[in-house]
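Going in written order, the chains are labelled A, B, C and D, and every chain counts its residues from 1.
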Amino acid sequence: MFRYFNDIFSGLWSLFVGMGITFQEFFKPKITVHYPHESIKMTARYRGHIELIPGEDGQPLCVVCGMCEKACPSNCISIGGEKPEGSKKKVLTSYRLDFTTCSLCGSCVDSCNFGAVRFSREYNLASTRKEDYHYDLLKRLEESKQ
Amino acid sequence: MSEPIVLQPDETFILNVGPQHPATHGVLRVKMTMDGEFIYNAETVIGYIHRMHEKMAENRTYAQYMPNLSRLDYLSAMAYCHGYVLAVEKAASIEVPERAEYIRAITVEMNRISSHLVWFGAFVMDLGGFSPLMYAFDDREQILDLLEAVTGSRLTYCYFRFGGLYNDVDDDFIEGTRRFIKRMRKSLKMYHKLVTTNVILMKRLIGIGPVSVDLCQRYGATGPVARGSGINYDVRRNEPYSVYPEFDFDIPVYNEGDSFARYKVRMEEMEQSLRIIEQGLDKLPDGPVNPEKKPKTIKLPAGDYYTAVEAGRGSFGIRIVSDGDKSPYRLKLRSPTYSNMHLFDEACRGMLIADALAFMGSLDLVIPEMDR
Amino acid sequence: MIIETVKDKLRDLFPAAAEPAVTEHQAEKPETAEAEIGVFDCSYAKRGYHLDVRLAPDQLLSAVGILFDHGFFIESITGVDWIKDGQLEAVYDFCRYDFDLCRIVVRTRTPRANPILPTITGIYSGASWHERETHDFFGIVFEGHPHLIPLLLPEDADFHPLLKDFKA
Amino acid sequence: MSLTLLNVLAAVIIAIAFVAANAAYLVWAERKGAGFIQRRPGPTENGPWGLLQPPVDGIKLMTKQLLIPGGVDKIIFVIAPVLAMFPSIVSFVTIPFSDTIVAHNINIGLLMIFVFGSMSAMALLMGGWSSRNKYSMISSVRAVSQAVAYEIPMLITAITVVMIAGSLDLMEIVHKQSGGFWHWNIWPFQKGLFNILMPASFLIFFICSLAETNRAPFDLGEAESELVAGYHTEYSSMGFGLFFMGEYANIVIGACLTTILFLGGWDCPFGLLPGVWWFIVKIYILIFTFIWIRWTFPRTTIYSLLNLSWKVLIPISLFNLLLTAGLLKVF
């Protein structure tokens, strides 16, 4: 009999304790970010899709060695380069990233010995078409210069 | 529900729980043969998001396979990466700087807390309480923010490298983590007051879904499921790896074997993880996080290697069979939920559907990890 | 030490002639067609397990029975396709819950053309899914398995993707 | 005669408007309340503080296609949502909001509300049964056993109050409690009799009205993590909308009844200025408690719910009934 009432009262008490906690939470300030109206700044190490780093002359630092292409687990990078007449170094002619298959692992950035690629801070990416994610990073670099 | 229930096999109907059902957290399907609200028999159907990670391994180099590990268990990705890098390092005899090992342990434990927090929220939501999920996610956000600042990613970290780390932690991280430990201790107290001692929750969990030691042994259950059944088994203790022997922490074990025991094990594990992180931050040595000389391409000597680590849900094992090439000959991932879920079929017989779903929640399922 | 007890028990399975040397075996040549049979000690630090048990399919059940009696739990079952040898290997991992750490790997080989192994679901119920998975991936038929239908692959799958000659 | 009919008709229309407005804005209040408890703002986008959310939701629901799945029992399937809404509207006719604001006071008003209140379980049964869905069927069976289990303690506690007031007339019950909060039925000292169980009675009545309205932690019929959506799994468009509004209308009824029976209706706690505003304040405090409870607790199971009813609520309420009867006889 004692246990019966004890169960009822302790049970009821635990319910009141719980209600007390949610009541306190009710008056605490809100913690959510109201997204389209405000947004959080990305951290310095945020891994967006990759982009080319411009050198001092504005040209990409890439020497078309193809290490990133090889390192990529999902084969989403394809680069092209050619050796202009009279030049010793190869020049990058195209750097295509298929972002639909990229898993943002960073192998390409790791593997680059020339510091030519980095992560961008892009995170507001949305589209209904697959083709929108086939990036031409060289074009992107030129656009960013303007 | 102590007395056994006699079920009438000729008056049953089949209830398809899943693949899309609010309680299955992903695409798990359980074909339940029901007698009224009682489960007569259950057959779990998995494989809806099977991606054949093991075949992928055979076509990639060891380094290229790294991102796959984060995609097994998206909630505690760090521990799976840890298992993989440990396996490869062991086989290829790569030395790891001490600082890197400490940072690995710290981040893995933080990830374990975040994984348990998701489980906590989702589990209470399975039981019908919605607010604890939001509080848990609030705390989890703090962890994710800290980890994002270090690794650059919130979920699929891909932070470890063979022999070291992707990059070093900074003072902000250490300070932020200390702040977080204080905050988390307070929140855990709040969870205990709000949820653990709640009479409705106790009524729903105590005595529900008993898992015996024998059942664990036959199905190979590990992690909190085994520890809730009185089995003192934690890979961090039984087979110490990394720098875990340096830490002073307890393995919570409960003998009841019911859902509430599993619940308490996980709640206490969070506290123990906080202790590990705290000690790790205190002991964190200076030095590099990557070895000075790293082999360019990793090739393992022929043979087969087995490594187990304690992931958020139990013992995660990885078996690499190498033939000396730069990609594995065969790579087997032993995921803990796979074994833990398997015992559901046998254990849930005779349960009410509401209890069975609470039981399923207490097993802490992550479907991508199970399906691999 | 449990490891000694189990080792002795397992050695009893093998006829005296096949009793191997106690020395560590050379795992660097596992591709040999004549895979040795016996119980081998392994370096835990290097391999991650203590005992490597290689046996013929008909010895499997009794070996697994011994392990069950000694309180081992099943970690996983998997296969390896040794295409050069024309054999499929099934690998069973066992471990113990207590601090008397002992990891045991049981391997057995079956011809690739007609891979049949006995099921161990009678001893370890949890082997059911592992065997179904191995059947999915390698096509090894576990005789006596109560419900050998595809688990991870689609229900109408008739291919075995982890075979080395599988082409998608 | 015709005047009375007109009166009732007007009352019904006003009741419908009141119920609909309440139901719509209670959804908003619930979402806001849930948001605040969970430390987020709740609906904010439509209008100031998201106040335009309910009408927008209503338009959305009404423009959706009304799906009737193949194989359902069509007539019952269509009637069920209407039946879920109808009793609460009718119940409003007899609820006195103040001395003067009452559509049609019936001298057995309490009985009438209970009669119509028990019909809502019928609606759930019909909706669940006709849906041809296993989840819905389990849910409807649950809903009925729950309703049966909880109507008994609710009625017994109501009878206790009726004995104290000596009338089934809701007006009369409120009048008996007038003159300050210490006269309310929730307190143990009523008219010289010291009935210590009256606060417990209030609690029992409140719990029962939670269970009667299928609110968390007793929302077993809906139980979204077990039974998907329970009895309204197969309903779309306004069919679902009516079930949804019916739930909130029932909450309002439950709060009104609790206020009238235990909290002195439209009486001011300090004996000043009695009026409809006090009634409104009281019911909204109760409704807030409903919402607050929902977002705090996990759900019970069917057997612990029935255990609670048969092993705790019914014995205590029965004991209270006997005690009250004895005390009334003695004093």
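Here, contacts are C-beta pairs under 8 Å (C-beta built on N, C-alpha and C of every residue); 3 or more make two chains touch, one makes a residue touch a chain.
The model shown is predicted, which means the values in this text are computed figures rather than measured ones.
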Shared touching partners of chain B and chain C are none
Relative to chain C, largest Cα-centroid distance belongs to chain D
Busiest interface, judged by C-beta pairs in contact, is B-C
Note: chain D sits from chain B at a C-alpha centroid distance in Å of 43
Distance in whole angstrom between the CA centres of chain C and chain D is 63
Note: chain B sits from chain A at a C-alpha centroid distance in Å of 24
Within chain C, the set of residues that touch 2 or more other chains is none
Chain B touches at least 2 other chains through residues 131, 135, 138, 194-195, 198, 200
Among all residues of chain D, those touching at least two other chains are 37-40, 295-297
Pairwise, the chains that touch are A-B, A-D, B-C, B-D
Note: in the complex, chain A contacts chain B through residues 10-12, 14-15, 17-18, 21-22, 25, 31, 43-47, 71-73, 103-107, 110, 119
Seen from chain C, its contact residues with chain B in the complex are 27-31, 45-49, 68, 71-76, 78, 80-81, 91, 93, 95, 97-99, 101, 103, 105, 124-126, 128-129, 137, 150-154, 161-162
Within their complex, chain B touches chain A through residues 60, 63-68, 71, 131, 135, 138, 148-153, 156, 158, 161, 166-167, 190, 193-195, 197-200
As the complex stands, chain B meets chain D at residues 1, 13, 15, 21-23, 34, 37, 124-131, 134-135, 138, 194-195, 198, 200-201, 203-204, 352-355, 357
Given the complex, residues on chain D that touch chain B span 34, 37-40, 134-135, 138, 142, 216-217, 219-220, 223-226, 228, 295-304
